[in-house]
Amino acid sequence: MEAFSDGVIAILITVMVLELPKPHGVTWSALHDSLPVLLAYVLSFVYLGIYWNNHHHMLQATHRVSGGILWANLHLLFWLSLVPFTTSWLGENRLATVPAAAYGIDLLAAAVAYYLLERLIIRDQGEHSVLAAAVGRDLKGKASPVLYVTGIGLAFVTPVLAVAVYVVVALIWLVPDRRVERTVTAAGS
Amino acid sequence: MEAFSDGVIAILITVMVLELPKPHGVTWSALHDSLPVLLAYVLSFVYLGIYWNNHHHMLQATHRVSGGILWANLHLLFWLSLVPFTTSWLGENRLATVPAAAYGIDLLAAAVAYYLLERLIIRDQGEHSVLAAAVGRDLKGKASPVLYVTGIGLAFVTPVLAVAVYVVVALIWLVPDRRVERTVTAAGS
Amino acid sequence: MEAFSDGVIAILITVMVLELPKPHGVTWSALHDSLPVLLAYVLSFVYLGIYWNNHHHMLQATHRVSGGILWANLHLLFWLSLVPFTTSWLGENRLATVPAAAYGIDLLAAAVAYYLLERLIIRDQGEHSVLAAAVGRDLKGKASPVLYVTGIGLAFVTPVLAVAVYVVVALIWLVPDRRVERTVTAAGS
Amino acid sequence: MEAFSDGVIAILITVMVLELPKPHGVTWSALHDSLPVLLAYVLSFVYLGIYWNNHHHMLQATHRVSGGILWANLHLLFWLSLVPFTTSWLGENRLATVPAAAYGIDLLAAAVAYYLLERLIIRDQGEHSVLAAAVGRDLKGKASPVLYVTGIGLAFVTPVLAVAVYVVVALIWLVPDRRVERTVTAAGS
């Protein structure tokens, strides 16, 4: 399951580049017109990188895979698979309301799917498992959905603020989930 | 062979998103126009998830790979590889007869290919193998083609019913093949 | 190197479906118009399947990878990576001369690249290696280029005959390289 | 991390072919018109092959992966992921100034990202590690950015010379990084 998920995220992070529209013309200003698309690409690249990173650590702490976990995982991959779609919609319509909200809804759905997967794995392994200890109170996991909902709301007022919120959440997560990493290492030694 | 097949299905499940046409405009109604395509995408995502899941379990119970099995596997991957093609045809022509029938024909061909692969592996391993025991009478495997044929027929009367049948088959399979999982675990312990 | 090559071929075999143009309309005749493209897709799918199969067996008999072998392998992957390109050119121009010849030239280049890779590996392992014994006189490997050249020539007379030759070569190879499989198994036991 | 990176590079090297525009017409001159795109494709294929090769050797000499290394690696993959984008822009605008400069800037950024990753790994492993010994003074790694900057500058004078410089750097690197290969082998024996 880990190899399959890694594969899907690797493909998603890569095929996004196929959605980048080619600049019209051969001037810097042609490239400048592509800038919003490129920036949306960078943001989504970072988000998929964060998911790959944390997901990878979580699955390393998972030893038994039930049918429910498999489908919770595919559910997460489903929302991640829509990222290239929402990214190109957002990028090609410079900070329009609905694409900015749709982008946030996809991020929110992925965050919820990640949370469900995490809970299922912990329930399966018991509350005293490595993963449960590693995740702890999971402040970041609980704050992110609240921030996404804020961002989605802001999209209807000032879309640029919505995107700013998404950037902030990405920055919060950019620090990889060292808790799991550390606890797994500790449990293994 | 398992890694290669997992890779192909991971790629298929992902490249489908590239076939999603971008909404024309930045309103919710633009996204609403994309709804049939998105729903077709969800259905195909679930189908490829089911195939990945069951195929993965089946190959874990397969220890010897003959030339025949290799080609039966590629035959299955061929029909699965057409899923993005039939999906986008179905999604972009809201419940038209021929695309709905073509979608069902592809599902039928994939189901037959899966059945052939299963038989080849069981023949190779002997009727008393783990897989043979796990598959058992294979009610789902036998009912699916009948339902697909029904769906293909219904496409010529009321296409929406055809799609409803495909959704029902997906729901039947959504429960992962716990028989194999359970029997393999039992045999391994 | 094996995982990377398997990955590249898995991706190639899959992204070809993205090159399939969507049928114009929702009738069987619209699908019928797509038939040449679909048939070209089937032929290329079989060719990539053959390469995956034989390449996979060859690398399993390869234990040491030098820089030269790495680049000979990438050289082979380069010609295989052009298959989706030549396939869609051939399929969309029903049996035109130049696309039919270009398709054959790509197959010829891939065959030569495969032969070079095989020779490099055998030279590296010694003439008494498992692979050298398995390949033997390599009749198929020597006949294929001759047939491809014949096909390329025929493209300028009757393109349909060129494609017929490519189909024949595919059929010759469809039998997986059991020699390697058998010899490797024998050497392992 | 190695499997994920290999996967991303395998996908990049492959999806580039999807960016190749289909020849308009069925004559050799139609293919001739595609020649600049095809040559840009060859150059980028070689570059991605070089990165895969050296990156693969570097990660084999890396035993511990910190959060910083993970993100330095994703940073490298980000610049590599833009290669299909800059390649098609360069190829479709026969030697125009800005695309030729943009192509070089992407190569430069990837080279810097590779250097940062290498330094991070060496810092993590200590100056007496296998990798530090293998990389040595890293003449090629230090010369490449200088050459890229030269190429970017030349793009504003004679774009064809810029591309010539990029070809020269590729040729310099085409010899795989045998130092690492050799030192790793020596350390392992």
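Here the chain labels run A, B, C and D in written order, and each chain numbers its own residues starting at 1.
Just so it is clear, a residue touches a chain if its C-beta (ideal position, glycine included) is under 8 Å from a C-beta of that chain, and two chains touch if they have at least 3 such contacts.
As the structure is a prediction and not an experimental result, all values here were calculated from the model.
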Neighbours of chain C that also touch chain B are none
For the copies chain A and chain D, the interface residues, called same if over half of the numbers are used by both and different if under half, are different
Chain B and chain D have mean C-alpha positions lying a whole-number Å distance apart equal to 38
Rounded to the nearest Å, the gap separating the Cα centres of chain A and chain B is 27
The positions of chain C in contact with two or more other chains are 3, 7, 11, 15, 18
Contact graph of the chains (line, ring, star, complete, other): ring
Touching pairs here come out as A-B, A-D, B-C, C-D
Listed in rising order, the residues of chain D that touch chain C in the complex are 3, 6-7, 9-11, 13-18, 20, 22-23, 26-28, 30-31, 42, 45, 49, 52-53, 56, 174-176, 178, 181
In their shared complex, chain D is touched by residues of chain C numbered 3-4, 7-8, 11-12, 15, 18-19, 67, 70-71, 74, 77-78, 81-82, 84-85, 88-89, 92-93, 96-99, 102
